[in-house]
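Consider the two complexes below, in which subunit A is the common component and subunit B and subunit C are the respective partners.
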Partner chain A sequence: MIEIRNLSLWYRRGHKVVDDVSTVFPNGRTIVICGPSGSGKSSFLRCINGLERFQEGEVLIDGKSLRARETDIHQVRARIGMVFQHFELYPHMTVLDNITLAPRKVLKQSAKDAVDRAMQLLTRVGIPENAAKFPGELSGGQQQRVAIARSLAMEPQAMLFDEPTSALDPEMIKEVLEVMIDLAGRGMTMVVVTHEMGFAREVADEVIFMDHGRFLERKSSTDFFERPDHPRTREFLSRILR
Partner chain B sequence: MDWQVILRNLEFMVGGLALTAQLAAIALTGGLLWGILLGLGRLSRSPWIYYPATLYVHFFRSQPLILVIFWFYFLVPVITGKPLGTFVSTVIAFVTFEAAYFAEIVRAGVQSVPKGQVAAGYSCGLRYHQVQLYVILPQALRSMLPALTTQAVVIFQDTSLAYVIGLREFLRRVNLVDTREARSIELYCFAAFVYLVLCLLGSRVAHRFERRREVALP
Partner chain C sequence: MFHYDFDWSVLWRHPYGAMFAKGVWTTVSLSLVAWGIALALGLMVALCRVMPCRPARILGGAYVEALRNIPLLVQLFFWYFAAPALLPKAIERWLYANVRDLPYYLAILALGTYTAARVAEALRSGLLAVPPGQLRAAFSTGLSQTGTYWHVIVPYAFRIVVPLLSTEFLTCFKNSSLAMTVGVMEATGTASYIDSFTFHGLETTTAASLVYLATSASVILLMTWIEKKLHIPGMIVRRD
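The block that comes next holds the complex of A and B.
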């Protein structure tokens, strides 16, 4: 379980990117965070695995505070996967090396175990034939599926998605969403920042609307789309759903 | 003109090239390794690492190499109490000096790698040294290759400065032959020719290497 208490983050004093957010992400749920760009969604997500150094508040993973002296942030990150808007595959390594690097170096898996697991995951995301290729030889959709496989190879307890389909051509969005739907179906805890309202409606258990660094509304996905309370949410939805 | 003087002393003079090559190779590898650490230090968020590294780089970049060579030759024995020997003191001087230049090349190279790569490495649980070693530096080195080649050629030429403390590398030997034979024009023409050929050769090899990397990494 991921618990956030009074989290605030700013880059300049006086302008809070994340403003006093408290929330809980229970295990096994898929939660979508949406909102206008610049609302602090990505920054918030990056606080959860300590990629962003927040100034106030606490992030607790299974009750352990990210900022506590005895917490090893690297061990926490090893158990929380993250998928980025621009994939961020390592361009100088093959697909297989991309996936096996962290399992070998962090989890100390043998090369053979890591490769076996990587091939399983590549099969699961539907591109086992690309194992020996370099990221530059793949389409955007394929690269993002490799990036998901790379995160899954660490056997994470939760996955963070930072606009995973925003950089993709429309015809490739579906193949990535299908992998995410499969993952949600397997009970993975997922926090997804996205503009894909179809995904939010069909797959998410809950949807959060974020604006100016605050969570303005959090509802089950049906209620979020059928009965939004906040006027800003209604305005946002009317603009994005047309 | 008596070009025979070159042939008569060829073996002796070319023998100095072995020392020159040795010195250049150690200065290059040692300077690069130390320069990588300094360059990463220049990018550190910790003031305890950033300021010493920055001071080091600025200090040695402001000094003439010849002074640094003297410095290690004359001053270090006074501090440590025993002489280092010409070769060892020259090697230390070169590594110390060249590392400052490599540090700036490394810093620029590391900064050229997109920030998202660091985030990707960390998000998989890798530690700082693993992120640098496996993710950032391999990409940074690739973009640094042209600058590294230039610096390697400079180092190769700089080794001739070691003659001031009597190290008998190539140029020093040419100089010795000249004092004996008094054939300055022929001998220094020969020296210039040797440097030209070797440096051109070096750049060609590096250029080949760069192009092959480009093909291998689409």
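The block that comes next holds the complex of A and C.
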């Protein structure tokens, strides 16, 4: 379980990008966060696995604070996967090396174990034939699926997605969403920043609306779309759903 | 009227042939060892310059600015005339008594540390060109700072700056000729030395020039090969 207590983050003094957010992400749930550009969604996500140094509040993973002296931040990150808008595969490594790097170096898996596991994951995301290729030789959709496989190779307890489909052509969005739907079905804890409202409606357990660094609204996905309370949410939804 | 009796045999006849071969070898070994130092030290300095730690950045910056802006000739003289004197007297005396090729080693240090500053600048531009998302991606898989730089950031940066490094490598070769000013008998020094006995400087300097052209050509071939090897598929290809 991921628990956030009074989290605030700023890059410049006086301008809180994440503003006093408290929330809980229970195990096995898929939570979607949406909101206008610049509302702090990416920054918030990066706080959860300690990629961003927040100034106030606490992030607790299974009750352990990220900032506690005895917490090894690398160990925490190893247990939380993250998928990025622009994939961020390592372009100078093959697909297989991209996936096996962290398992070998962080989990100290043998090369053989890591490769076996990587091939399983590549099969699961539907592209086992691309193992020896370089990221630059793949389509965007394929790259994003490799990136998901790279995260899954660490056997994470939760996955963070930061607009995983917004850099993709429409025909590739589906193949990535399918992988995510499969993951959700397997009970993975997922926090997904996305503007794919179809995904939010069908797959998410809850949807959060974020604006100016705050969580303005959090509802079950049905209620979020049928009965949004906040005028800003309604306005946002009307713009995005047309 | 221009009258000059060419005698190319000064390049191979005894004892000049062996001298010249040794000179060429000195140029090659001096440049290569200096280049090795430059790469290793340059990488460390470049890393210092992109670290979040401020003192490291300042130290790295100071190194680059000092070494890059003092003429190499002055630095050579520093290493040759001043550096040994800065050591304790006993060590200095021991050095002069026991290290036969002291100027050679001092020239390597001078050329290596100077070239390191230039390599550091090239590598820094490469490190800064690596998208910040790569750092986040590597960190997000639990890799440590060292692991992230060693496996992801540095190899990526290297590939970006291979063409820049080729240029520095060539410059390092050519700069090695300055070592003759502190008495190292490398190719240029040997050429002028043979001239002082035979008055056939035209042949010897021509030969020295050809040596530099040949080594440069090999370096270019080597670097082109390395560039191809390290090319990242899907990135812009250099065609020539």
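Following the convention adopted for this analysis, the second predicted complex is superposed on the first by the 242 of 242 C-alpha atoms of A that agree within 3 Å, B and C clash if a C-alpha of one lies under 4 Å from a C-alpha of the other, contacts with A are read in each partner's own complex, and residues count from 1 in each chain.
We adopt the following convention: a residue touches a chain if its C-beta (ideal position, glycine included) is under 8 Å from a C-beta of that chain, and two chains touch if they have at least 3 such contacts.
It should be emphasised that the depicted structure is a prediction, and the values quoted were computed from it without experimental measurement.
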Joint occupancy of subunit A by subunit B and subunit C, clash or fit: clash
Which of subunit B and subunit C A:10 touches, first, second, both or neither: neither
Touched partner set for A:82, first subunit B, second subunit C, both or neither: both
Partner chain(s) touched by A:225 [first = subunit B, second = subunit C, both, neither]: neither
Contacts of A:90 with subunit B and subunit C, given as first, second, both or neither: both
Touched partner set for A:101, first subunit B, second subunit C, both or neither: both
Overlapping contact positions on subunit A, where the subunit C interface meets the subunit B interface: 46, 49, 51, 74-75, 77-82, 84, 86, 88-92, 101-102, 105-106, 134, 136-137, 150-151, 154
Subunit A - residues contacting subunit B, complex: 46, 49, 51, 74-75, 77-82, 84, 86, 88-92, 101-102, 105-106, 134, 136-137, 150-151, 154
Residues of subunit A defined as touching subunit C within the complex: 46, 49, 51, 74-75, 77-82, 84, 86, 88-92, 101-102, 105-106, 133-137, 147, 150-151, 154
Footprint of subunit A on subunit B - complex, ascending: 114, 116-117, 119-127, 130, 134-135, 138-139, 142, 217-218
In the complex with subunit A, residue positions of subunit C that touch it: 131, 133-134, 136-144, 147, 151-152, 155-156, 159, 230, 232-235
